[in-house]
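Next, two complexes with subunit A in common: one pairs it with subunit B, the other with subunit C.
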Partner chain A sequence: MTRFIIGRLISTIPVLLGVSLFAFFVLRLAPGDPVMMMMPADSTQAEIEELRRELGLDQPVLVQYFAWLRQILAGNFGTSLFTSQPVLSEIMSRFPNTLLLAVTAIILAIVLGMPLGIIAATRRGTAVDSASMVTSVIGWSMPNFWLGLILIMVFGVWLRWLPTGGMYDMMAIDRTVGDVARHLILPALTLATAHMAYIARFTRSSLLEVLGQDYVRTARAKGLSEWLVVMRHALRNSLIPIISVLGVSLGHLLGGAVIVEAVFSWPGLGTLLVQSISNRDFPIVQGGMLFAAIVFIFSNLVADLLYAAVDPRIRYG
Partner chain B sequence: MVEAADTAGSVAEVRTVRPAWWRFARHRLSVVAAILILAVFGLALLAPVLPIPDPDAITSVDRLLPPGSSGYLLGTDELGRDVLSRLIWGARISLLAGFGAAFLSLLLGCAMGLLAGFMGRWIDNVLMRVTDVVLAFPTILLAIGVLAAVGPGLTNAMLAVAISGLPLYARVARGSVLSVRELDYVEAARSIGASTQRIMVRHVLPNILAPLIVAFTLDVGMKIVVTSSLSFLGLGAQPPTADWGSMIASGRNYIRNAPHLIMIPGAAIFFVVLCLNIIGDRLRDILDPRLKDL
Partner chain C sequence: MTKSRTELPKRGPSRRDALKGGVSLAAFSAASSLVGLGYSTVARAATRGSPIVLGVSAEANAIHQVAAAGASNQMLPFVQRALLMYDNVNASYKIVPGLAAEMPEILDDGLRFRFRIRDNAYYHDGTKVTADALANWIMMQIDENHPHYDFLNWTTKGRMRTVAKAVAVDELTLDVYMSEFNAAMLDWFTEHQFEGVPISAVEAGADLANEDYAAGPYKVARRDKGNSTVLERFDDFYLEEEGVAPRVGFRIIPEMNSRVAALEAGEVDWIDSITAEVAQSLKDNPNVTVKERKTLYVWFVSMDMRKKPFDDLRVRQAMNYAVDKEALIRDVLGGAAQRSYSPLSPQFGDYYAGDVVKKYDYDPDKARALLAEAGYADGFKTTIYTNTGRAGQLKPLEMSQFLQANWRDIGVDCEIEALEWTAFEQRRTAGEFAIATRGWTPSTGDPDGVLFQNFHSSMVPPTQRNVCFLQDPEVDRLLELGSGTLDPAIRPQAFVDAQKRIVDLAPWVFICHEIAYEAHNAALEGYPAAHPSGWGNSLTYAWKP
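What follows is the complex of A and B.
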């Protein structure tokens, strides 16, 4: 197991390097001179050259990349052009909100999606199976920004049960957990829908595969009730691949959260990035992309390690 | 019991002999979905000759009319523009963006996969690490990063989304190439002196198309959602161009008194993507059951 962990850790290094190269060079695609964009229109040539030297932009590109990489490794993601705050502290002030949204959405997706998949698999070929798979295709096909607006319209505007956006009540004096929870329901549900559909499908196909195995036939032959066969024998093994799905899901959710946050004005990483594009705040965009990719790579890593811990075939395969 | 299993087996064998289109046609829901998609395509293509008003024509007296108002089947928007006309013209942009992005991914990804699978060694290694890197960025975030650099706009959004789709096609193509390149007919082509390029294009490519077509059909729907999401964020098609995502974005301010401005274009996206996913699912079952977890 130790060898597996070390091997898997080493294999993330080239990906991390590639990700940093991509994040570094993608913003070099921007037309125009970044220094000119950062300086006021009436600055002198000397001031412009001064800033260029200060930022190291007069150096060859590769030198710039390694200098930048050294800073990143030291936890310095640069400074926001808009707020003049360190990029990392801007990101860290928003990330917990995105994480709260994403984790709630994953939990919702599992709680709603897995039973749907189990029901479909155990009643394969019946109307129940078709109905739950149709529900899943519908959930999968629903653009989440549209679903979010519909939920706002129904529960926020018409029924007035839930707030239409934000994370806290503007009028409230204290920020209570209950208040955040009320604001969390609609965005989390919106973000969860597509993943619920995905998990339902995955659970179904994974369970169907296991239900065809010999040991399930043995369990049935022993005279166990169908409930016990599914719950105790089949489901456990069919859950193993779902661990890897969850790792991938977190990445999807971080991406999906950008849209959902924009719809619900949720003060997370996504809103920060979208605002930064209109502010042309490149360091934040770059830092945010890099940060999200690193989170994604490590959540995949954790999922893989968990997967290997649960299923020895992976370690020795 | 044994007899029943045998009969089932032989029925399945008979079915696999049927041509793919025949098996597709047996599934009524997919046929309906395919017809509907063709109809939407037809409407989008015919937009210039259809008897609908100019999608950008502003009539300030007829602002925010609900659907069913006289002269406006689907109502009007905040500038008094005809929603039906904008929906049909918007279909051109939204479908072009989704299909264009998916097609670009398919072309580039397929080339990468073909090269990686066929050449092997360091080329394979480098190309697959590139797909790992692209996969490490969530689609929307990657697109936002690219758009932050090159600036918003429909073409840029398409390109940005296409990049994020490369790994899917590269991996599907590579996997298929690895199994096809060991087959006898590739060996035969090589032994009569066919060039590597000729073997790849004439012998390998046609035999790995089925899984790529399946991946494409399932991917197009997602690409339509992603490109309209970018338009919704204001990073895709720029005003006054009608496109489903930006229609929803501008209708958002009138959610209280004119919900149709959100409901109609959103339903259009949902409906088209749903049909594409139904078709894609069916094609996958027929052409490539191995991809069932895609």
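What follows is the complex of A and C.
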């Protein structure tokens, strides 16, 4: 197992190098100049060139890339062009918020999606199956900015049960877990909806495949109740592919749930990256992409390890 | 009366309480992301009402604007004060004293400004504002041998280029010397490069992005990046009447619909950057007041006078006559603009020339006749360059399509090429386009920022912004006359005359000046008018019962 983990970690090096190359050059190949974004419209060309020199953006691109790589190897992700703050501290100030939102959304998606999939699979061909799958198709198809705005209008503006956005009541002196939880409900639900639908469909197809296996027929032949057959014998095996789906989903969400974060003004990594891309704040975008890649790789590694925990047939190393 | 900390109202209906304790998962992350929970216990006796919350589209990159790059922000007038400032109370671009007790004496033919600093101005750390602190601050930015020249990566050098030195004559007298005459200097004294910070903070290596050493009516109490900033009234601010609300919150809500929802839900008291359509729909809400903000902004089409067929005055005039500006404003912008007659909007006051310049009222027949006269009876083909959109550019694509249709009516077959903003601006300022759209907001209320840069012959690309390559000795003479004096008997007339000549030569198709909208809680008091700059300003007088 240890050898497997070490091997996987070593294999991430070329991936991260690729990501660093991509992150660095794609931004510079794209049209746009951060200095133009930073200066007022009536700045003179001399002022613009002066700032470009000060930021080191007048250097050849390759020189800039290797300078950046050297910094990264020394554990320094650089400094934001716009805020002059260390990139890592900018990212880490947002990441816990994204983590909270993503993990909550995934838990909601599992809690709602798996039972829906199980019900659909065990009632295959019935109206319940059709209803479950129609629900999941609707959930999967709804654009989450639209769903988010509808939830805001209903629960925030009309009923006033829940806040329309933000992460906490900013004017309150003391912040409580309950306050954060209230602010979390709508964005987490919005984010969870599509994943819930995906998990429901995946659970259904995976469970249907397992329910056709011989050992399930054996379990039924033993006279076990259908509940026990599904929950004890079939479900555990059908979970294996779902774990990999969850690993990928969580990886995506941790990279920043961009649209949902924007609609609910959730102060996460996604909004930081979008703002930085439009500002051409190179160091933040590069650092953010590298960070998202690391998180993605790590969440997939965890999913692989969970495989082994769930399925005794799989052993690493 | 000031509310004590325990009396602060709980916002939100009580039903929310029923949801308390919901997702226990919140605990592990909340602990790491919630910081700086304490407020100062200092309170000022004259505060009124309850805290107000502003829903803003963008965050201040730093507490002190000088420590970050990018656009100005709504928080600035609450927190910072410079030597001079624009008139908050009357929401105008009139320049009035800020940290200075009075307007400066202009000496040595405009090469020296003598400021008397207020005797009762303090920075937020309690240090008195002195001429020494201001002189030190100015010299730090311009003198490479100053011991604190490396204190910041100064982005202010352009604005400081005509400042030769600053000297503290005594505790409260400051002389600022110019290396050359600069007529826009009074406007530049309103900017953050002239706020100063305590010398002790500079010597201690203060982090101006995150630490508050400003001298405005509010000071930063809590800042959660990406989410919100809370200000509390500064007790030692020099004006008793400014800074009425006990606390002011800035909630960052980038998405417009979410800002509107937060206002309608009563979570915020004021929002910025809403479209004309949204402003119209909010007018039906009795709990909301919509404010119109007429701006200095101008949206135009520049024509490169070196390139055929735009080298012919009759063609340029025809392009102007062919456009139905009123219909464009009504149909494309929902009425959110004033028609433009000249480069300067009516908000420029004495410098406005809309009443006296030649008017290009919509007249397609006249346009066709002018084209025929110029030898283009069958029209011609061209390409208009525009951008895919950015804050401050209105609706460039839709407006270009409207222009395309108008010009088609006179035989001009115009293709539209829309580029991403920075690529567009790079190529535009390199002088690559025969015709291109652009929205322009001058960063100060001085007309020089629009006229000189866009129309003086020394300002042509690749280094400057005169992309129409207007090179007219008479325009140059008038712009130099206006830019070379602060004499109110000469300056406004020179700029008005320059505009008359510019409009006659028609290097632009003059389209419109933006009207921006903001909305606020109808219960908000002390906020009669929105400042044309859009940067909050007189909101510092607002309060909520």
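The criterion applied here is as follows: the second predicted complex is superposed on the first by the 252 of 317 C-alpha atoms of A that agree within 3 Å, B and C clash if a C-alpha of one lies under 4 Å from a C-alpha of the other, contacts with A are read in each partner's own complex, and residues count from 1 in each chain.
Keep in mind that, in the parts below, a contact is a pair of C-beta atoms (placed from the backbone, for glycine too) under 8 Å apart; a residue touches a chain by one contact, two chains touch by 3 or more.
Since the structure is predicted, the reported quantities are computational estimates derived from the model, not experimental observations.
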| item | value |
| --- | --- |
| Partner chain(s) touched by A:I107 [first = subunit B, second = subunit C, both, neither] | second |
| Partner chain(s) touched by A:V157 [first = subunit B, second = subunit C, both, neither] | both |
| Contacts of A:M289 with subunit B and subunit C, given as first, second, both or neither | first |
| Which superposed partner A:I6 touches (first subunit B, second subunit C, both, neither) | neither |
| If touched residues of subunit A are counted for subunit B and for subunit C, the larger one | C |
| First (subunit B), second (subunit C), both or neither touched by A:N97 | second |
| Partner chain(s) touched by A:V137 [first = subunit B, second = subunit C, both, neither] | first |
| Partner chain(s) touched by A:L149 [first = subunit B, second = subunit C, both, neither] | both |
| Which of subunit B and subunit C A:F22 touches, first, second, both or neither | first |
| Partner chain(s) touched by A:A262 [first = subunit B, second = subunit C, both, neither] | both |
| Doubly contacted residues of subunit A, that is, touched by subunit B and again by subunit C | 30-31, 149, 152-153, 157, 262, 280 |
| Interface residues, subunit A side, partner subunit B - complex | 14-15, 18-19, 21-23, 26-31, 137-138, 140-146, 149-150, 152-153, 157, 201-202, 205, 251-252, 254-256, 258-259, 262, 273-274, 276-278, 280, 282, 285-286, 288-289, 292-293, 296-297 |
| Subunit C to subunit A touching residues, read off their complex | 5, 8, 10-13, 15-16, 19-30, 32-34, 37, 39, 51, 53, 61-62, 67-70, 152-155, 157-158, 161, 209-210, 224-228, 230, 247, 249, 251-255, 257-258, 261-262, 264-267, 392, 419-423, 425-426, 429, 440-443, 449-450, 453, 462-465 |
| Complex contact set, residues of subunit A against subunit C | 30-33, 36-47, 50-51, 54-55, 81-85, 90, 93-94, 96-97, 99-100, 103-104, 107, 149, 152-153, 156-157, 160-182, 184-185, 188, 262-265, 267-268, 271-272, 275, 279-280 |
| Contact footprint of subunit A on subunit B as seen in their complex | 129-130, 132-134, 136-142, 144-152, 221, 225, 228-229, 232-235, 245, 248, 252, 255-256, 259, 262-263, 266, 269-270, 273-274, 277-278, 281, 292-293 |
